[in-house]
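One structure is given below, represented as structure tokens, and several questions about it will come after.
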Amino acid sequence: MRARLFIAGTAAALAAAVLALGGALRHDNGAATAGDFLPTAVAEQLQRGFSAGDTQAEIAGLQAELKANRSNVKALETLGLAYLQRVRETGDASYYPKADGILHEALAQEPHDLIATAGLGQLALARHQFRRALALGRQAKSISATTAGVYGVIGDASLELGRYPAAFAAFDRMAAIKPSVSSYARVSYARELLGRTRAAEQAMALAASAAVGEKEAYAWTRVQLGLLELTTGRPRAALVQMRVALQSFPGYAFALDGTAQAQAALGRLQTAVRYERAAVDRVPLPQYVGFLGDLEAAVGHHAAAQREYGLIGVIEKLLAANGVRNDLDVALFDVDHSRNLAHALRLARKGYAGRPSIFGDDVLGWALARNGHCGEALGYSNRSLRLGTKDALKLFHRGWIAACLHRSAAARSFYRRALALNPHFSILWAPVARKGVTS
Amino acid sequence: MKRIVILGAITAALLAPAVAQAHPLGNFTINRFARVEVSGHRLYVRYVLDLAEIPTYQARQQGVDPEAYATRIARGLHVSLDGHRVPLQPVAHALAFPRGVAGLHTMRLEVILRGPTVARAESVAVHDTNYADHLGWKEIVVGAHTTSLSDELHAYPKSLLQSPLDTTSLNGVLAPTSDPVPRLSRATSLEAPDRIAESGFTRLVGHGQLSALVILFSLAAALFWGAAHALSPGHGKTIVTAYLVGTRGTPRHAALLGLVTTVTHTIGVFALGGVTLALSAFIVPETLYPWINVVAGLLVVSVGIVVLTGRWRAGHTHSHGESEHSHDGHGHDHHEAPHSTRGLVAVGISGGLLPCPSALVVLLAAISLHRVAFGMLLIVAFSFGLASSITGIGLIAVVAKRAFRKLSMDSPVIRFLPAVSALVIVLAGVVMTARAVPGLRI
Amino acid sequence: MKKLAVGLVTAAALSGLLLAVVLRNGGPQAASASSHREAPLISQDPTADNTDLYAFVSPDDPTKATIVANWIPGEDPAAGPNYYTFSSTARYDIYVDQNGDGNPDITYQFRFQNLPGQFFLGNTQQTYTVTKIVGKRSTVVGNGLMTPPDNIGPRSTPNYAALAAKGIHTLSDGTTVFAGQRDDAFFADVGAIFDLVAIRSGTGANGGGRDFLGGYGVHAIALQIPKSQLDNGGNHTIGVWAATDRQKVNVSNGKGRGDWVQVSRLGNPLINEVLIPTNMKDYWNSQPPSKDKQFERYYENSILATVLEKLYPQFGPFKETGRGDLVAVLGTGLKTPALNYTGPTFADELRLNLSIPPTPFAGINRLGVLGGDLAGYPNGRRLEDDVVDISERVVGGALIGHSLPLGDGVDANDVPNLHVFPYEPAPFSGYDNTKGTPFPSRP
């Protein structure tokens, strides 16, 4: 009897313990803490003001604040954005998972938080998860339709998904709410896609002017201005922009790459190699590595070129293992270098599914053409030009496809247009285009 | 039972083979660590270089000559004593190529550099110029016993509040010591395959090669992991226990519960995986949080109410027949069968479907690695482990309840225990729902 | 069976929850992938950012009123080669409302032009144009005026005081103007505000705080206007605010090209930072004060009171809702005591009663009206007014019988303000920059 009572008692105690440990009653998100409040909001605003362009200092301050008070949503979301900014500045992608974790933490505490939602949208964009980015952008818009930034996320995602009217409408709305470097730059890109290079330059100049005081953003706008100069065959002007960018933000990988492109267009290949190598050392994006290989090959360093091309394979493996959708870039490289053409086509198709933009059209069309499916390629190539984008490489691809289909007059015409736009559009293909025009 | 499960889980964790993982700081980082210390009267530097996959590939293409590396490192590391730069001489090195992600390797090079003698306490200034333009963890410490934040590039802090360290210059004071001469790492420590303390089920799927042994190990680990996972909050243990106490639970019921849990959990994860992949484009999951919680809460409430009303009726119609029917423990529960089965299924579902992210992570990781079948297999094992835990808890409850049942029915505690259990279920559900409701945005 | 179905539906619903976890944990770790054009999204626009606004009757010349508006927060004196200038593509506005309707009656517009060599040569001088709009009449009252250069250092900009003095001009309507770099006259212990624990440890009224803005510069536009041009002859009270506009663009370059859009504004201090919720900030900044009624609830239910409740429980309870007193101070002016009431229209403006004589510099009370000095905040705002302490006390209930010695422990600017136009002191140079330290020691 006594023993049984003991067993019964033990069972009851066990049940109680399980209950206490169990999930149903566990909750720690009780009363709001002081950190949710406003002095931090004030400080954060002021702090942001002070450290404009000094992201590291800002990050350190926010980390210290959060170590003291982890439930400070304002600090969490600001830190998440600062991490994202840090990736822009350094290319150090190890900040992505951190930003992800921190922004989700903010969102877990405030499910309808604007900054965290938009920040995650921005992160999704960076990771090429465009559909998710679009969803997050729309969610952010439902939280605040009067905040310009949400239209940036929506527009960027729409753009990469090939939904151009929606993207342009979002950019217009963004610029109407708040003209700023962010909205000017997007309007500029849209204009560039529409083939209105001059107007694109004007908008980007406004962006640069509105970015004064934000070093990385300013450098970025200068790089974009330089690239616009390059696409219209003005490498000297491009070089000046890149120099301003590097002066504003020393070691900026985008500017190093841009400098290399401009130097290559000017025929200074050795200098170009030096700059591109510096860019690759900082951030080995596949397009940088590929270009470096091409440059090495062009100056006769074939062993070095082969090393870079080998590195592309490594990067490809890593990206696949990480689940990153960079298929289009890798496919473009493979197709350009006649590596593994069938595989490249599969990659291009996969990439196209995730990113059905004119870039996707172009790469898929090019991959099809180089695999001998020129008829099918033609449709994609035409689609890639549907906005009227003045992009010499796309025009060249279109010409090559025409040649493949034995339409030599059309081919010559497209080659001519490509070269007229930018005689140095590609270290690999500009010579082919030149030959095509004369033949 | 619980102890066995935990023991099992620990064993599994220990047995689980080291898993190749991507470099935690990104696959193109070059990470540096320098410890400047004094052994006797001699200054030494222990320098560690940890290259992620891309720089390792680049380095190996050119051929890795550790001597040349050591010389270069010694040149690039500026150490000054009392303001005067001192020469450093490489005296030993160790090189390893730990496995990285995607069949690639990383590289770990350790170099011991010997400096001049230190006669008395002197100020030291360290400035590392090696790989200045490369991203990565940059750490310098002075003194043999100073803690390294990264454990000398063995374990990078995972904290969301820790930026990659960026120390390239450091000042300190050094004095003669009786410390031994710094040594190189060996074996596993040098190979250092796991740079972060990330233990968990999810890494099982990331295996480089799948030998039969690896698969077997993985399955066993998944099983144990599931079992352990059931003991973490949120898996309906409370509800299962309360349910079995509240109804006339038998061991067979407990087993059935386990089965239902396994099945629903497996189906659930598969379904969720599919839905997740399909819907990720259109829905921002965070907005669903509150709704999901509400649905789960209401489900639990309804189970509780069903049990409660059952008890109520039972209490009135056969308050004295109970013990005759179930004392044998062989499930003579025909008169209760319809309600019991439904209840069991519902409880099983709530046990099997309450949030279990690890399993889904595994599935999606498997999909992304094109190892869907393996991932599914792991999930079945995981679910089974989960269910066995829940069944175990259920059995304890059943056994305990039998102990009660043999007692005199006159005790009010015993009489009301089932009703109390049912109330507990309802209460738990109400609390879950109430917590979820304020988050709803309609 | 039905339950099973319900369970599966639940399962589907749960997927959303799990997705969150998946995307957090299962997503690509540390990937390097950015080939598409990632324009900045979170960049600030410091050159368009209004930081502070002051309006007071000049103590050294009571026939004139002075308005000082600051832009570009936290200018680091040693930021070269990234120097600071006004934006050549923005429009800077100072508005004066004479009749309390929330609409401007007098507007001063400033446009700046860069000189060649700005970037590489570090030439930070700019020329500017001032346009005055009274009613619908627009007149250019200053053209080709020159800002002084930034204070870079004794070699680039020797004898800075003399250089800066050359930046004071007289407009064709008799107004004196200055535009250029100055020391930030705002003072606050941001560090202490940031660190809630520190501020909690004391009431903050005993000094000992650290002026977080010490050593930092701003770009200022200062106007000294004859009172006769501003005074409405009735209640003598004007409302002042400053704003920045940028030009709209659109993708297709159609309608609306070149329209100015207001991207920043400032009337009373700390409103955008403190009272306006994140979701509303862009919108609030784009709106004119005449439409401020829509934001009244944020002023009324002051979140700051909630914070004070947390920070200073020993002084509570603080009134957290129905704060008509705050609405009055910030939105209409104070009727009782009669100070600067401009009528029932709720509009975020800095209200200055021109008929209240200025307090001589020596007699200024940093707590303004709360300290019995009617010539200070919230009657206009002087450089010396301690708006952080005043705000904390007003929110704490100073006007509704709940007086407390709240404050941040910083009671004055780190360097003495000037007693002559443009009042804000010269900026620190990049050469002897001392940002953040309590008081600079110069060589």
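First chain written, first letter: the chains are A, B and C, and each begins at residue 1.
Simple rule for what comes next: contacts are C-beta pairs under 8 Å (C-beta built on N, C-alpha and C of every residue); 3 or more make two chains touch, one makes a residue touch a chain.
Keep in mind that what you see is a predicted model, and the values were worked out from it rather than measured.
S.K.: Which one of the chains is farthest from chain C, going by Cα centres?
M.R.: B
S.K.: Which chains touch each other through the most C-beta pairs?
M.R.: A-C
S.K.: At what distance in angstrom does the C-alpha mean of chain B lie from that of chain A?
M.R.: Chain centres of chain A and chain B, defined by C-alpha means, are spaced 31 Å apart.
S.K.: From the mean C-alpha coordinate of chain B to that of chain C, what's the distance rounded to whole Å?
M.R.: One centre to the other, that is 48 Å.
S.K.: Rounded to a whole Å, what is the gap between the Cα centroids of chain A and chain C?
M.R.: Comparing mean C-alpha positions, chain C is 34 Å from chain A.
S.K.: Provide the list of chain C residues touching at least two other chains, using ranges where the numbers run on.
M.R.: 20, 23, 29-32
S.K.: Among the residues of chain B, pick out those that touch two or more other chains and give their numbers.
M.R.: Where chain B meets two or more other chains at a single residue, that happens at 22, 24-28, 280, 283, 286-287, 289, 368.
S.K.: Can you list the chain A residues in contact with two or more other chains?
M.R.: Answer for chain A, listing residues that touch two or more other chains: 91, 93-94, 101, 132, 283-284, 318, 322-323.
S.K.: Can you tell me which positions in chain C touch chain A when the two form their complex?
M.R.: 20, 23-24, 27-49, 51, 72-74, 76, 79, 81-82, 84-85, 87-90, 119-120, 188, 190-191, 193-197, 199-200, 212-213, 216, 246-253, 256, 261, 263, 270, 272-274, 278-283, 285-286, 303-304, 306-307, 310-311
S.K.: Tell me, which parts of chain A touch chain C in their complex?
M.R.: Result: residues 34-35, 37-54, 61, 65, 68-69, 81, 84-85, 88, 91, 93-94, 96-97, 100-101, 104, 114-115, 118-119, 122, 125-128, 132, 143-144, 146-149, 152-153, 156, 160, 168, 171-172, 175-187, 189-191, 194, 196, 199, 202-203, 206-207, 209-218, 220, 224, 244, 247-248, 283-287, 318-319, 322-326, 328-329, 355, 359 of chain A touch chain C.
S.K.: What residues on chain A touch chain B, complex-wise?
M.R.: Checking each residue of chain A against chain B gives 1, 4-5, 7-8, 10-12, 14-15, 18-19, 21-27, 56, 59-60, 63, 66-67, 79, 86, 90-95, 98, 101-102, 105, 107-108, 111-112, 117, 131-132, 134-136, 138-139, 251, 278, 281-284, 307, 310-311, 314-315, 317-318, 320-323.
S.K.: In their complex, what parts of chain B are in touch with chain A?
M.R.: Answer in residue numbers: 22, 24-29, 53-54, 57-58, 61-62, 101-104, 133-135, 160-164, 231-239, 241-242, 245, 280-284, 286-287, 289-290, 300, 354, 368-369, 393, 396-397, 399-401, 403-404, 406-407, 414, 417, 421, 424, 428-429, 431-432, 435, 439, 441.
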